[in-house]
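Some structures to go through are shown next.
The two complexes that follow have chain A in common; it is paired with chain B in the first and with chain C in the second.
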Partner chain A sequence: MTTDAVARARGRVGKPAALLEVRSLSKRFGEVQANWDVDLTVLPGTVHGLIGENGAGKSTLLKMIYGVYTPDEGRMFVDGAPVSPGSPADARALGIGMVFQDLRLVPALTVAENIALALPDGPTLRLARLAARITEASEAYGLAVDPSAQVRHLSIGERQRAEILKVLMTGARLVILDEPTSVLAPQEVEALFGVVAQLRDRGLGVVLVTHKLGEVRAIADQVTVLRGGQVILNAEDPGNFSDAELVEAMVGRRVPPLAVERVAVPPRERAVLELRGATALGDRGHVALKGVDLDVHPGELVGVAGVAGSGQKELCEVALGLRPVTSGSVRVDDTGGGAVAVPEDPVADSVVPGLTVLEHMVLDGRAVPRRGLGIDWPAVGARTAVLDERVGLHMAPTKRTLSSLSGGNIQRVVLTRELGQDASLVVAAYPSRGLDVANTRRTQELLLQHRARGAGVLMVSEDLDELIAVADRIAVMHDGHLVGVVDTAGADRMSIGRLMLGGVA
Partner chain B sequence: MSQDVTKEAPALPAPAPPVERSRRLLTRGTALLRWLGALIAGLVVFGAFVLANGADPFAVYADIWTSTLTQPGQFQQIVLRAAPIALAGLAVVVPARAGLVNVGGEGQLIIGAVAAAGVALWLTPVASPWLVMLLMVVAAVVAGAAWAGIAAAMRLVVKVNEAVTTLLLNYVALYSMLFLILGPWKDPAALGQSTSVELHDAMKLPVFAGTAIHVGVVLAVVAAGAVWFALTRTTWGFRLSVVGGNAEAARRAGLPVVTLLLTALLIGGALAGLAGFIQLAGMEYKLRPTFGLTIGYVAFLASWLSRHKPLPLLVASLVLAAIAVSGNSLQIGSGLPAASVNILMGLVLLAVLGWTSPRKVRS
Partner chain C sequence: MIIDILAGAVRGGTSIMYAGLGETISERGGVINLGTEGAMLLGALGGYAVTAETGNPWLGVLGGALAGALLSLTHAVLVVSRRANQFASGLTLYFLALGVTALFGVGYVSRQINAFTPVPVPGLSEIPGLGPILFDHDPLVYLAYVAAPVIWWVLFRTRVGLLVRTAGERTEALEVHGYSVKAVRYCATVAGGALAGIGGAHISIAYANSWFENMIAGRGFIAVALVIFAMWNPIRIMAGAYLFGAALSLASVLQTSGIAVNQFALNAVPFVLTLVVLAVLGRRTMLAAPDELLKVFDNSRTT
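Showing the complex of A and B:
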């Protein structure tokens, strides 16, 4: 497939104009040079992978193309004609469509109504006629969507298809997909790529933003790598590079593979965490956790997989005693050190925006050094320096307030505080969220160190590859149920994916 | 190929040197400028109002200036007015640190004064003056805290917003006081006026020799210092800011959230009760229908103007007290009613709040 694509792409050189051509785009925010001299050429009938770490400048580039930001310097061409989209509406008029990572559909409306919102279709709603057009378009592109379904009843994968359909029906010839696979089960990813291949074959251009190399290999004809706001590899054929080389291009140095050998910890009789028929309500009052039985033993790392919102958050909170069970039982066998937790949403659950990094260091539920009536901040500072050194995630300076930090820096503060302590139970929800490759690796090492020291580790992740790399067992959740526990040795992504979607392994 | 990949990223244009410190000074400077600008904007709009009423705004302002700030007697009046505003302002500051909105300073102040007046009424004949005065203070503090405690209990048990309950309790407090001075506590010697019996001279706060300044003013300054220390230098104050900044984070950190919210509101109520005591024993000496009128609300605004910080609160209290005192000379000088100075106060507050609030930065 790849050679075909290259042949296709080569065949076009110098003939029809590139669908989109970006030349020397630069954008600076204050002291941060988010993009510097960036080139990007997307040819019709190709899938262009755009990869880079968090903060590499992918979002900035896309937002300039989509008219959200105005470039400081540089030029853009669509079909060879110079353009400067000043707003997303301008970009759409030029045939540029964007599918955001957080889908922009109104949950209370139907698919047809959502699409009607995006179409400039005169003062009257002609939903029946529109529904017919939607059905027609969805058949033409192989995007199965029921126009009369309410968006809130659709799965994430279905919502994404509706969003892509919406973008196509507004006349997009260049479709930008911003990390579309991060919330999908493997089967849904395959279906999505089927759609992408269709779009490509019909002559559209697709930009696929991702940080997963497997996806680039599966579907992209060309790949562009951004690092530190600059183009490192420009429209190369991914087949010419090894995974290690692509990672190196993204990260700027070699990242050693995670040690595969694990110290086996002698099994102990009692589980450190024992859930029996645990049932709990979610924040909206619905039953979010349904009769879950799960043991986490000392020296074991149990991964939790599932489509977003399947009960992972409630599972973590029940395990930590932060959410009461309505039936069933939770038992934590504390052998010293208690529990530490990385919350699913640190900004909502763990961050006090106006306080400094140092002040957050005492919010771990443990004894705080006192002096007189107050807290002995110099002692906290000394303790924090030792912690930061040992954990090795290199937090922001301790005087900075959390409101001035990016998501990844906030995550490092929380990880340093929580994973730097000894504990008998570690509950980590999406621990590598917002981190670059090197810090993700370090975080995984820290979790494995806890496991090696005999702690029970429960880790939620959206990334099946990450779970397969570090977990001993993977518990799969669907709609609040624990639908299966898979041994990682010999685990099969597709059978885990079937469980995530509620099927049988 | 791998060499190609690891090539050094071409040099970026050098980022600007760290400017954090100078920028902080700059933002502090602009904050001050905005404050001044807002003040001037309020003065200009009020000047137009004065002009529309047929008076010369420049003469009015000159008059206000000379009569309030250049005469020692008037300055003492400002200080005396500012003291209860500052104390009742602290009653907003402390709960605000925990994310609570205490609009009940007015009621907590009245209830504090009622409790102190009750103690004076019953114990003056039987106990020594110093003991009575001490018990008046205790009663005012306890009553103010208890009044705030009702709102705290409703917030913590049935989750009613404390801004609503404290506001409603103001009316309960006011009409309870009116009931007492119209009925059981009415001074028979007051010739038809509804007031309580005036405090015995021994129960009036002593003044500094040669001035009208009573010791309650010192109490207000000491209280502001104590609140500053408690909020910025103690574990309790730190925990309050955690609860106020993100209650869920506080809960997950194992902090006693309920206790912290409760203590914040109770201490706030106690401070407002204390304000009631100094207003009674230092200024008015008896309860009457207009006792302590609007002090609680002005204090609420003073706290917002000072961004809920105890030491700037002292300044804000003085400014608001000065505007209130200037109302008298306004009436004499221009024939405008004294109450129209409240228009100026309102305009200045709106301008300051609207123009100096930190804007939400869009991500």
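Showing the complex of A and C:
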């Protein structure tokens, strides 16, 4: 080990000592080798992009660095000294800070109270003094946040700034951002990258986990691609790589670009879905959908964009008749076929955890093959095999219960059942959530097939690029209002972003 | 007579206030304890027994607090460690306490004790109107005046309070900072039970000065409902407790002033009041509910 360390030190002559160095980290969970021989080096004053598909081992790696998991093998060094953080508190003491994707802020508390939770400093809170410190730090880093605001009332972007500020105020020198941009509007992404650049200029190290390749190229100084728990690519200056090259590294093969034949939208027949001034309450009893007018025509794919929690969920539920409108009207032109739906949270709204995949295939309201008084399960099995083949999302074995499946596999079961039917209205909320690149692509193809067949498709996504690629029109939501409908032809990300943030296009 | 009713409201509301403050702490930490009524019963008997044996009502208060804490500790073991259903555990513990206190309380029925007596505050008790209403009571009433603001301060201005509130709002946020959700919830639940025990002791050694079976008569359940009306705020608990105290004291005041009203109808007044408040407020107060507590009410929604 000593010679090893000396060799490393020699290798770094002239370079700054690595803030974090991970050597040959491996972690196994039962049968699954989540990480195998992973190396990662983050230098001070750099941004390191970490990319990989779901299940590639990114979160296992991060959790080992952050002290949540203990590696089976391998070593970690901070500032050249060997470390083995046994808990997140250990990691923080080493100067490693993590901004979780689902943000660990407490919505009912103020920003200052949330930060107080992370800064053990005496038995009383002394909120006024803390607020002054927060204001000082927020000015220093360009992270504008009101210390006395209740987190519940902040936008996603503001919450993220508060969380980053919290991590910085606890003395982090290495900041790990786990998929920070997936819920942001383009303008907020730009602002976030401004902050990241500033952290880099101050000599901090940043690990940016993302699946958006453009972001890695835009901001990262180094890139590491994980696939199947192993490092496939590690290179400086990711700007030299094309999307296709990075995707190939992530997926392991070339993925041809999505072929969208943009048939001109057929003459405006009667819409399949017609909302007029639709207003509805959210789960907490507040008005979540405010006077929305929207038509979805046959043969049209309408995308819905918006910052998370802008009323997308309520819009889908109102369209499907799952949520009553308090005023306005909803009309679905059911010319046979009815509606199919992929809900925002399939586990809560579309799945019975204790039932098998096969049993879920008869829970879709269609006629069930019968044998006597019971269900003809062999016939259901045969029908399901045909369906799985045709849809092409490769569901888990039909005997498995849904409770034993991962989120991505549950999503594939729901997608196969719903998109395998010919409906006149398709409502899909975040259909590619939890899917890998190939299945995301297949799902987009399926939605386009429904559109080509003459169904009206309403699709919610937080990925603007996805919406621009497949939708005919994009309806933008902000705070329950439908603030604009943009034709995708010639759509501009920034003007859609302005609408998402409540501005004018 | 108005002064009698208001003075009675303060005296009668004190036990509900202690129990409500305790349940506020517990629920702020994410644990709902329907066993509050049981903790009060144990506190009433514990307080009475210790006072009877030692002759010192202050030791009785301590005994009541310990008895209430013990019942809540059982609740905490069941719901925090064993993750049992909070409603089932609380109700079962109430029935257990009802039986246990009836069994072990037999020897204390009609036994005389050295109970708390009113201690008029010099000077203040002379104020016309206000004096007899606020400043001519037993020491536990005065202690309650201080308890509500102090508990508010602890919950909202100290680190311990912040941890309790975080345990009730979002457990991941507590864990990520290296705190134990279980430890925080144990402390909050046991502290809540101790306060309910003091509330119970107030009934037996300061209010009724006697012990009899089921003497709490629903005050613990009123306290649980009060926590919701008060939107988990100690200061509002204070106001609400005195309102229910007024409803409770109505009966005795009317009786002593010779107005003939059916005793049973009067006993129902606090509960009718509870129903009216529930109906008026509806689900509005739930907007202030701690998020983890909402999960207890409804497992499927994790808003």
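Observations, loosely collected:
As a convention for this text, the second predicted complex is superposed on the first by the 482 of 505 C-alpha atoms of A that agree within 3 Å, B and C clash if a C-alpha of one lies under 4 Å from a C-alpha of the other, contacts with A are read in each partner's own complex, and residues count from 1 in each chain.
Please note the rule applied: a residue touches a chain if its C-beta (ideal position, glycine included) is under 8 Å from a C-beta of that chain, and two chains touch if they have at least 3 such contacts.
This one's a predicted model, so the numbers in the text were calculated from it and none came from an experiment.
Judged by the touch definition given at the top, the superposed model places A:490 against neither chain B nor chain C.
Of the two partner chains, neither chain B nor chain C is touched by A:397. After overlaying the two complexes on the shared chain, residue contacts for A:127 are found with chain C alone; chain B is out of touch.
By the touch criterion stated above, A:348 is placed in contact with chain B and with chain C alike. Contact comparison for chain A: of chain B and chain C, B touches the greater number of residues. When the two complexes are overlaid on their common chain A, residue A:117 makes contact with chain C while staying clear of chain B.
Looking at the shared chain after the overlay, A:109 reaches chain C, while chain B stays out of its contact range. In the superposition on chain A, A:88 makes contact with chain C only, while chain B stays out of contact range. Judged by the document's definition of touching, chain A residues 348 lie at the interface with chain B and also at the interface with chain C. Against chain C, the residues of chain A that register as touching in their complex are 87-89, 100, 104-109, 113-114, 116-118, 120, 122-125, 127, 283-285, 348. Within the complex, the chain B residues that touch chain A are 1-2, 5-7, 9-10, 12-13, 15-16, 233-236, 238, 241-242, 245-246, 248-255. The touching residues of chain A, counted against chain B in their complex, run 31-33, 36-37, 227-230, 232-233, 240-241, 245-246, 248-249, 252-253, 322, 341, 343, 348-355, 359, 362-365, 368, 370, 373-375. Chain contact summary for the complex, chain C toward chain A: residues 157-160, 162-163, 165-166, 169-170, 172-174, 176-178, 283-284, 287, 290-291, 300-301, 303.
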